[in-house]
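Each of the two complexes below includes chain A, the first together with chain B, the second together with chain C.
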Partner chain A sequence: MRLLKTSEIQSTFRAKARVPKYILAMLAATVLVSCSGPAAPVAGHPQTRAVAASASEIAIDGSPRRLRLVTAEQLHNTLSYIFGPNISPPVAFAPVTRTDGLLSVGSSFAGVTASQLEIYQKTASTAAIEIVNERNRNFLVPCAPKADDAADDACASTFLASVGRLVYRRPLAQERLEEFVTAAGDAANRLRSFYDGLGIALEGMLLSPRVMMVSEKAEPDPNHPGRERLDAYSLASRLSFFLWNAAPDDLLLKAAASGELHTPKGLARTVDRMLASDRLQDGMRAFFDDMLQLDDFKNLAKDAQIYPQFTGLAVVDAREQTLRMVVDQLVVKDKDYRDIFTTRETFLSPSLAAIYRLPTTPGWVPYEFPADSPREGLLTQIAFLASHAHPGRSSPTLRGKALREILLCQIVPRPPANVDFSALENPDPNVKTQRDRVAVHLKNPVCAGCHKVMDPAGLALENFDGAGQYRVVEKGAPIDASGSIDGKNFADIHGLAQVLHDHPAAPQCLARRVFAYGTGSPASTMPQAELAALYKRFEAGGYRLRPLLRNIVLSDDFSSVHEDVPPTKTAAASVQ
Partner chain B sequence: MPITRRRVLRGMLGGSAVTLALPLLDCYLNTNGTALAAGGKMPVRFGSWFWGLGMNSAIFVPKKTGVGYDLPEEIASWKNVSQHINLFTGFTAFRDGDPNLCHYTGWVINATGQSPAAGGDKPGTTLDHTISNQIGRTTRFKNLTVCCTGDARSTVSYESANAPTPPDASPLNFYTRLFGPSFQDPNAPEFKPNPRLMVRKSVLSGVSDEIKGLEKEVGAADRQRLDQYMTGLRQLEQQFDKQLTKPDPIPACFAPKELTDDPAPGAEVDLMGVRHKMMTDLLVMAAACDQTRIFTMNYSSAQANTTRTGFEKPHHTTTHEEPVGPSGYQEQCSWFTRRAMEAWAYHVEAFSKVKEGDGTLLDNCLLYAFTDHGYARVHTLDNMAAMIAGRAGGKIKTGLHIKGEGATTARLGYTVQRLMGIDVKSWGTRSNATDKEVGEILV
Partner chain C sequence: MKIRYSVLGAAALIGAVSVPAIAAESPVQNRSIGYVMTTEFKAIYDTPDGKKECPGGLNEGPREQFKVLYPESPGKKWPIVDTQLEREGDIWWPKAEDRIPYQYAVGDIAFGLNLDDKVGPNDFTSPDGEKGIDDQLQRAWACVPNYRSSSYNLGAFNNWRKYLYNIVVIELTDVDSLENDDDVTLTTYRGLDRVMTDATGSQYLAAGTQRLDTRWGKIFIAKFHGKIANGVLTTEGSDYVMPSAGNGRSIADIRYYKTRWQLKLGPERAEGLMAGYMDVDDWKIATNTQRSTHHQAYGAASTASIYRAMRHVADYKPDPNGGENHAISMALRIRMTQVFIKHDDKTVSQSAPTKAAATKLAAGR
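Right, the complex of A and B next:
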């Protein structure tokens, strides 16, 4: 692999792709918001000082080949697709460290602890027992043994070869299949049950590192001498876990086996089938759950005394509401990505209706907020408002930080160690609102640099309390939700929503995250010129998600791979 | 033909039980009940206990040093257990010019003896794993880690830099893991191993071969991850072996009553207290039943976001925003710290209530408590406090207050390792490097 200097990339890129320099500059780096001065410039703004997060050398030939941990949800989806929705053991794998904004990227680096293996074994055992039990075996095992209480190698082989291909995501080697058949036979004879023996062999399969991890294999690329590409089955897995959040189905494996995936037309045909599948909704739910950091909802709780409406059910439903809205807008309705910041369309459940102070309707129903409603887009949904707030009050700083880091891909540095905000606990009875209270951030030069980029966005959301409920006053004082972000002024939440909608960093951020999610590598390790070109096509196509996905998976850089270059500390470090 | 254990077990696989009713103390224990008949001493267990956000020296640090130290306001709850606790104050986590990574640098130095250079620098192997690698390989669980926040991301335990130990966050699940169907009660009159276990174990060798095969296909960093996979697999085999072996009777072991409900989610302090009590009770019996010899309790996380019902700010935010009150300290912050110290007192007392041999389980434990900061309001790394409870099998004295006079906190970690039988000549790096035990507590 040859590495190019950033300047070389820019030169090459200018010659070939004709992408404006500003796009390249913004995409070539994980943008850092400098907090060293009292009023730091911000990415996306004309004053922006974009800083290359990675080293000055960037790989040019595709993405690193990865060994990724399969997530609990991916295993769940895979087993459900193979064996039906009833076969889904309760699974909770160990959390991984969010890396470059994504858990999915963290799974490429996360280790495997002994307790995780214990969980794998229990999961494998539970699933295997369920699959071969009396209730399911007649539907899920495609043959009947000669006797229920003894080995039957032929039937075991039929079942294990079929299932093995799907869970290993490639055909099982004959030798390994024979080992599984032997294990099933031995166990059947010892336990005096064909199906228990089959279950033991299946348990062994599911415990394999080739099942619980996605190992990508490379081969020489005949179309690009000197370069490597994913082998067909690895490409099938990369496509499938990316777009469907599950292992490849039978057709995808057939496309890999036939060589179709390595032809431009064949690949396009397969990708179009995948993009048209209902499974794309599952895949994009998983992506946005990761990008929007909704996993925080696993541990979200509010003070029941201060926010009695914010029940445990509301926590679950708030996450679901945002995912439903995003998938509906971007996958079902194929809308402009930026519309998620301004749409009034959403879905409601009874537990959320209480917080939105709307009439209750049983179940989930589509709902459109009226034009005079303060609710508009993602920022005004309970999921964003409540998860970036304290258990007992709102937090302009947490909300502003989340907006910068999650939606614009900017990194706000850690606070200085000697922080002392005791002035925030201001006993002055005239200080009633968060705006007045956090003003102290801006008076202290050490704090002001970062807080000037976080607090204004958060203050614009002060019409919503820590549980996401609308309010116009705080402790009797009217709330001022006006502000300015990156030189754009606004008077209220509607103005903020529009500013975010029009902010160039928002769709760029999505493009970065989608590419990183699909390849399992920090975006900073990607070929920046290719990223920039992808973004330009995203922009030209009206910021539609499906074409973005299509362009990514059909690009050479999705299927071209090289050995991993350890990520720089900046790229790998999580701010979590 | 000799009758071996394996032969017996194979014979049982048809499902028949083997009844091994044995008079407990007569057969397996000496007359004092202090050692197994085979001659082995009662094992010494090591437990870590972590709380976030330090303390306030003015109301935490006793005036008196040595034996019989006084109990200032923040540790008044120790009145029934202070005789079991060595309190260490005035220690320093040296960062030697590295940035002060708030709520991170302090505990990492405590747990590894090394200062992280950046937020992306994850700790290497933490103290608990260093010890369990040495003495944890014979029990069903090499080590156990739990948390009281309900958040499985709350951990100060790392197997290696990329492998934080996920804590058990649900008492209900933790109960099932420990004392559910897989538990072999050592005092049960009947021993009936699960016939599936033997055949289940047989498929593990195939998995092992797959790991080795995959290792040939990946780079060095991923090979290390596969090595971890292999280590986990070995631990599984160890668990199966344990379950297939008739355990020696243990008089102190009583399987706890089955749990049926988890506390509600959230980091509200009363809920955390309930979780802490449930988790402590389970850890006590896990230790008493020799299911593990190493465990870690994360009471709160670093940068603790513990909340108080009706109070709008979590603990961490309060440390920065609450002014010093008329009493001379941050009263709400101290309220949170006191709840943490009450939990620590419960933890220590729970181990002291189990009789083991001619003493208590606590006598055969070494419980090490540490935190992330000295004075959390301004993130100090000096004047840090830590505690060691239990007598480590008679190797240490307890009930002492010892001032560190600015010495590195790594001395405590070094002392702990030496006491747990780790032959380490020195520990820590740069200013945290030490080869000096805290001699005052040694017998």
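Right, the complex of A and C next:
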């Protein structure tokens, strides 16, 4: 028996996937917002030609088989679920590149550096030490060794086989298990401690690329000759990391082992169990944290002199508030997805209440803004307002861009490299409001194409400063928050919220993001007909999240995979 | 109703522009506004070199006094019981006269308020020229380094209210305007929540929330009738007990008789004076339990001497057996930050002071 050597692990990790050229081509093709005109049509939008394909007409394309990194949160959740919440080593992995709007997709294109490997090793070591220490071993190791100061292969085998199945997300091969047991025994005899030896074997197990990475395996699909599907354990992992943001539990692995996952009824039964589990909240928190790009909060900083209310605690709580609201609305209360743009229900903490200027009580408490409050929905929460603003002032452009890209899945091109920002820093004392300031965008034809797409939506949020605090004037001048999006006019933030609520691209964007997140593939690679059918079912289900998730994971497209080659019908092709 | 709160005023200017209602975010809610005390220190009037108010020099502290009382000399051995313990006894059970001459402040300028609505021969004039200021603490303390504006200890007093036990909350009710209102009520409470600091770390955060201790803190609930003129709140006098715990541990509350408040009000801050007749014995217990002789020595503050001086010039609450008064007129300079107040409706006191507070306030010595 031997543990994996560092060089071997590095070699495995170096098997870094490259971004296929066709994906780049499609990403370019899905730059849907034209800078020479208003927002370009998106599938499902009235301006777009209808995609009338029914589910039965849709060819199964599936998604590419992926090798992707486990995120820090996924590892944390997995260890917590297996060993209990007390086993919580600090896990902080290097960030991955956001791809097609999602970090989850980016994790399929990430490599592992030597320093990242070092972090993995520390994490694995810390977790292993915690699990076998004197405080926890009696609860977490299901057997007692014959002697504390010597090897006990039987007990080590019992523990490592049980844990190995859960962290490897499939049964350990007997040969591999024996290697770990031998390693545990050798270390125990050298260190004269059964538990120290067990900990070393466990550390090696946790450090395995098979734990730190999700490597999907395919097999011929007997129901669709000529095609491939995920094998049962890979499907279990894809389901679990998608819905729970953690590795599969014991029941899910049993369903994989029994073949239940590859029967329609068995898969439906398993999916329904997963959708009913509290772990779904963790899974959807992770998804919305990714989709709403709340990871930006890790680097968010405001000028303390300008926004003294925006404390370090408020930064943390703002992210948490949005996640709590979204999960509460869509998972706990099972509401219409579009309601997150108009709901007055939220959660408050003391640090946020000070910014909202509201009374509260210690801890997190549910709160509903009164009908006459300017706060309504996701856009008026501090997380959106503050993260899409400058350190010392608001930004209609950044907010409008975020609204377009994050919530409507439209891509606004980057500004030209030689853009002249000096025009925005107009020293004219008569230029008081942001509306006055960004008006310069529209005077320059080069700028106007994109800014007339972004700025009107952002200007509707000008009643909130760069920290998300409510205001009615800027430098003494009244703020005009009226505007229009895609032909829909509104007078204020309430109008904008309603327009967004009713915008067909909003729920369609969610459907695209959820599918991409679940499969780890850019949504731009998805066949447009499948997206359209998925969206129709989402619409028919009242835009509720659980039915959307259920439809996705029960579809053949979710479990069907192919090598990294372009699908037969791509978004790129269908938007021509 | 004239709500002058700036945002409301600005809202009125907007006119045709669609403006969402802002009632939910105004600090004045249901005609009330709360503040939490963030800073308090005794308002002592002094000059940079002290020669004007302290022509005889400044008082010396415990270490210097010890050397005077128990001088070292060859062959002389002082037993502890006749030195350290004796002086410690003076601190807790002061003798009728101290053995160290005391420097009282002179002059007629002091901060404070006119607590008895009279202009008497011992009264001061405020730096703004107001006559009848009652502040005998100025005489007793202005020549003690610990209480002068150059004292390092003022910083400690600045932070006194950060201790959770010491959270003083006031609530103004019946407020129609923070600018002018001839009939408002100020109610004091002990708050239950730490005061948050802002992103700079140097200021206290407005718009926090304070829950009220209406169970064990009934003694701290007092009501004051007042009025607001040109943005300044002035109340009538009422007795008040202020929570006081040193370093967050030793609890020794202090009674202030006929207390009045004078605060410049704003939507986020309030500052000004809380003046009244402070119970000298309460102060002695609080001082001796909350700050050791060692710490007081840094500010040259000798409780044994200071207590005697305070009793000599005390001007309220005569001893029922004759002799010196038990309470001394004084003023606290205070700063407050706006907070929202969370009431427990079942236990809010409706009278001031409460029965519990009145019982303690009325207790004779």
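Definition applied: the second predicted complex is superposed on the first by the 509 of 576 C-alpha atoms of A that agree within 3 Å, B and C clash if a C-alpha of one lies under 4 Å from a C-alpha of the other, contacts with A are read in each partner's own complex, and residues count from 1 in each chain.
One rule holds in what follows: contacts are C-beta pairs under 8 Å (C-beta built on N, C-alpha and C of every residue); 3 or more make two chains touch, one makes a residue touch a chain.
Bear in mind that the values here come from a model prediction, so they are computed numbers and not experimental data.
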Should A:F180 be classified as contacting the first partner (chain B), the second (chain C), both, or neither?
first
More chain A residues touched by chain B or by chain C?
B
Using the touch definition from the top, say if A:V327 reaches chain B (first), chain C (second), both or neither.
neither
Of the two partner chains, chain B (first) and chain C (second), which one does A:S482 touch, if any: first, second, both, or neither?
second
Once chain A of both complexes is superposed, is A:Q305 in touch with chain B (first), chain C (second), both, or neither?
both
Tell me which partner A:A460 touches in the superposition: chain B (first), chain C (second), both or neither.
neither
If you stack the two complexes on chain A, which partner ends up touching A:Q121: first (chain B), second (chain C), both, or neither?
first
Is A:P374 touching the first partner chain B, the second partner chain C, both, or neither of them?
second
First (chain B), second (chain C), both or neither touched by A:V105:
neither
In the superposed arrangement, does A:A354 touch chain B (first), chain C (second), both or neither?
second
Set intersection of chain A contacts, chain C complex versus chain B complex:
302, 304-305, 312
Which residues of chain B touch chain A in the complex?
13-14, 99-102, 118-122, 142, 145, 149-153, 159-166, 177, 195-196, 198-200, 202-204, 206-207, 210-211, 214, 217-219, 221-222, 224-226, 228-229, 231-233, 235-236, 239, 264-268, 305, 307, 309-314, 317, 320-324, 377-379
Spell out the part of chain A that touches chain B in their complex, as residue ranges.
67, 92, 94-95, 97, 109-118, 120-121, 125, 176, 179-180, 183, 186-187, 190-192, 196-197, 200-201, 203-204, 207-210, 213, 215, 217, 298-306, 312, 315, 390-393, 414-415, 417-425, 427, 466, 563-564, 566, 569-570, 572-575
Show me the residue ranges of chain A that touch chain C in the complex, using the header's touch definition.
302, 304-305, 307-312, 350-351, 353-362, 369-370, 372-375, 463, 470-473, 478-482, 491-494
Complex interface listing, chain C residues touching chain A:
7, 10-11, 13-15, 17-27, 29, 193, 196-200, 203, 205-209, 211, 340-342
